[in-house]
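Below are structures written as structure tokens.
In the two complexes that follow, chain A is the common piece, with chain B as its partner first and chain C second.
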Partner chain A sequence: MINDVQTWVSVAAYTGAGLAMGLGAIGAAIGEGYTAAQANFAVSRNTKLSGDVFKSMLVGQAIAESASIFALVIAVLMLFYKMPDATMIKAASLLGAGFCMGFGAIGSGIGSGLPGGQACIGLARQPSIGNRLTTNMLIGSAVCQTPAIFSMVVALMLIFIDFSKAPLFPTWAAVIGAGLSTGLAAIGSGMGGGFAAGASCEGVARQPETAGPVTTTMLVGQAVAQTPSIFGLLISFVLMFKAFPESTTFAASAGLLAAGISTGFGGIGPGVGNGMAAEGAVRWVARSVENAGGLMRIMLVGQAVSQSTAIYAMVVSLCLIFVV
Partner chain B sequence: MAIEGADIVKAAAFLGAGLAMGLGAIGPGVGEGMAAAKTCEAIGKNPKEAGLLTRTMLVGQAVSESTGIYSLVVALLLLFVV
Partner chain C sequence: MGDLGRIHQLIIPVMGHNITLNLEAIVMTWIVIALLILFGYYSSKNRGMRPGTAQIFGEMIVTKLYGLTEDALDKEKAKKYAPLITALFMFLLLCNWIGMFPHMHEPTKDLNTPLSLGIMGFFIAHYAGIRSKGIKKYLKEYCEPIFIMAPLNIIGEMSKIVSISFRLFGNIMGGSIIILVVSYLVYSLVLPPLLIAFFGIFVGAIQAFVFTMLTVVYISVQVK
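And then the complex of A and B:
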């Protein structure tokens, strides 16, 4: 059975759309469920505030939802956009875009749900600081969305860039690797950012007067937790824009695919770990604000060590791309 | 295209290197983060012992790091030696 190129491009577009939406729905659903569970708990504690808690829950859920809306946009685009350049490379890059957006939305969806839930609990505890709590929640969950936005950017680039001039071997592997790198690395950063944001909402509700140092520690911790997804983005850009010489060996293709896999999977653990370290620091800055400086320092030292494996993974990817 | 045996072996080594380092990095990242989180908690409770706690954290993290370094070594062996 021999099919023309257009058939394979359509197959890849539909498979990619399914992957983007199917995987992309996981995280947002978990995050929103967590928010709703905490909101119910908060209402049971303080039934008079059910209206405010309900509002806060919906705002928190709306942000968590945005990760899966990105996935929906990419999926619908792949279903209905007519590709001007039907080549086998385009088929591979559509598959890569599907992986990228699908995996990339998981972490941000879960992560954004955590501050939403903690804001609901906090509102029941300290109704008078509702505005400050909501602001803190919005800042924290906005940062959690950045890995999903990186994934959407890479997915859009994979859909719209014309790769048809590049040699099919090994560019097909480079574009799939580009999708896997950003998509997988975004899982850890999204979740890690959420841990820090959740702890900061809890802290602001517990000790409203510490809101300034708590938010600062959260932002620094989240920024470090984002770095693994930035490594993923970097490797994706290299894989998309470096001109690879034509090579019909299987090894050349496998090396580029493995470059994406290494930085992608390698970013998950450090992203989550950096987030945990930030969570611990933020929680205890709220409880003992006079130690904020020392806690920030130990958080950064701990994060630096946790980060090291993401850097090893990036080094292996760069070796796979440039050296071997 | 004709695929030769040596080519498949090399391709498998590259894929293996990517998988080894990628998957191997997950555990140490999470584990070291847990250690750092608990150290922040402990320093929050008892700031006077910050030096001792930092030392304990770094030693614990170094042990946790070892599997990440094993992965790196295996990945580099797959890339450049075998």
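And then the complex of A and C:
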């Protein structure tokens, strides 16, 4: 009974669904809590606007929720979709999909709560620019979702692509590694993007006439902060689509698993750090808009240096996949 | 669901080698180019002090992007690079938006399109850097802070191509996969138009803008 492949696929699907939803719920809840806390602050500052602040809080929380909705979709899909191919590789890839979506939703959930909170405070500070503030918040927190979207895509691919023709050893490790790589790397990028978006909402509220340069700097900063999660995506694609020769030695499997883990963990720090660099640049562009060009250049150089650790991690992963 | 990640290819065997053509990307790119040429023709056909609709659109796009290029570079260099930047933005925007029509596919969904545009931007940025700084100073920058770091600096530069092209590719392909899977799950009821509005129009516009701005910024980092 316990050797039945179908049973193992079901076990993996249920475990994966639990992991996806359980881990995926962490981030969004934190982000929404932050938004609500800032909304309280805003209401106490400007009591007359409590209705507008309340609306703004709900919009911000709805967007922060979307990362966990992605996780919910993946979890429900794994619970109820009948897999056409029941193999042990499918079981491994379902587990990988669960890890990928669960970890991937954490960062985006936390990150997209930050612009929502800052938009509430900004609304209390400058009620007249509510529309522009909301637009800025929507753009900022939508871009924060990109790492969660990447993890959802990898999770969907792991669920639906037919791996049954590949040899079980070491492909089982490659598919779990693919899930871990994108999932873990998305944590840092999602949070980092949120820092930049929060600072831009604060900046627009402080100096409404600088909205154009502030939004541009925010987008470039967030885009660079997403680079670690893009490295994770790249490693996942290589792990999923490269045909690995059959090898029953444990070292070959462990190498592929480690390749995913390396880029995944290696991406967390640079994502957060790049977000901090972008946050600083955006905040100061709002205060001295005439230096926007110089600030953006310093931000990019600083981000490139802080990103180098993610590049080292990716180089190690590529070595593990292609050389070792 | 077998369509996931499948590419329609035309494989021509020539003297022992296979030439692979991704038909969808090629045809869609041609359609995008044709539409852009048509737009250019109509927006400049009846130019006048009282502009028509097409002229207003054209002028708006060109002025905005000239302004953005001037902010990042200076006035003189903007004259040289702004036409490229404007064309890049309009091409990418139309590429990302064309997928919202039935039976049309985004050319940017195929990695070849973003990758080639990324490589193009990389070479243009480095050419601009060599032109403005001179080859000696340009090479010296790779040996900072000490010469042992040169290989890592080169890998860092190369990773810019990977990040800029995979960002666009990942977003557009991710959007289209999510639309495909969700439409399949809900039998194409209610949700797909909303998803297309978000992933097609909104994310498409933002990613086209981000790609263009990063190309400008890469040029400006090399130049100064």
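By definition in this document, the second predicted complex is superposed on the first by the 322 of 324 C-alpha atoms of A that agree within 3 Å, B and C clash if a C-alpha of one lies under 4 Å from a C-alpha of the other, contacts with A are read in each partner's own complex, and residues count from 1 in each chain.
Everything that follows uses one rule, which is that a contact is a pair of C-beta atoms (placed from the backbone, for glycine too) under 8 Å apart; a residue touches a chain by one contact, two chains touch by 3 or more.
Bear in mind that the values here come from a model prediction, so they are computed numbers and not experimental data.
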Of the two partners chain B and chain C, more of chain A gets touched by chain B
Under the stated touch criterion, which partner chain does A:153 make contact with: chain B (first), chain C (second), both, or neither? second
Figure out whether A:281 sits in contact with chain B (first) or chain C (second), or with both, or with neither. first
Item to complete: With the two complexes superposed on chain A, say which partner A:255 touches: chain B (first), chain C (second), both, or neither.
Response: first
**Q.** Touching partner for A:269 - first (chain B), second (chain C), both, neither
**A.** first
Checklist entry - Which of the two partners, first being chain B and second being chain C, lies in contact with A:319: first, second, both, or neither? => result first
| said: So in the superposed three-chain picture, is A:169 touching just chain B, just chain C, both, or none of them (first/second/both/neither)? | reply: first
Discussion item. After the superposition on A, what does A:142 contact: first (chain B), second (chain C), both or neither?
Written reply: second
In chain A, both chain B and chain C touch residues 301, 307-308, 312, 315
Interface with chain B, chain A side, in the complex: residues 169, 184, 188, 192, 228, 248-251, 253-255, 257-277, 279-281, 283-285, 287-288, 291, 294-295, 298-299, 301-303, 305-310, 312-313, 315-317, 319-320, 323-324
As the complex stands, chain C meets chain A at residues 1-2, 4-5, 68, 71-72, 152, 155-156, 159, 162-163, 166-167, 170-171, 173-175, 177-178, 181-182, 185, 198, 202-203, 206, 209-210, 213-214, 217, 220-221, 224
Contacts from chain B onto chain A in the complex sit at residues 1, 3, 7-8, 10-19, 21-41, 43-45, 47, 50, 53-54, 57-58, 61-62, 65, 68-69, 71-72, 75-76, 79-80
The residues of chain A that touch chain C in their complex are 73, 77, 139, 142-143, 146, 149-150, 152-153, 156-157, 160-162, 213, 216, 219-220, 223-224, 226-227, 230-231, 233-234, 292-293, 296-297, 300-301, 304, 307-308, 311-312, 314-315
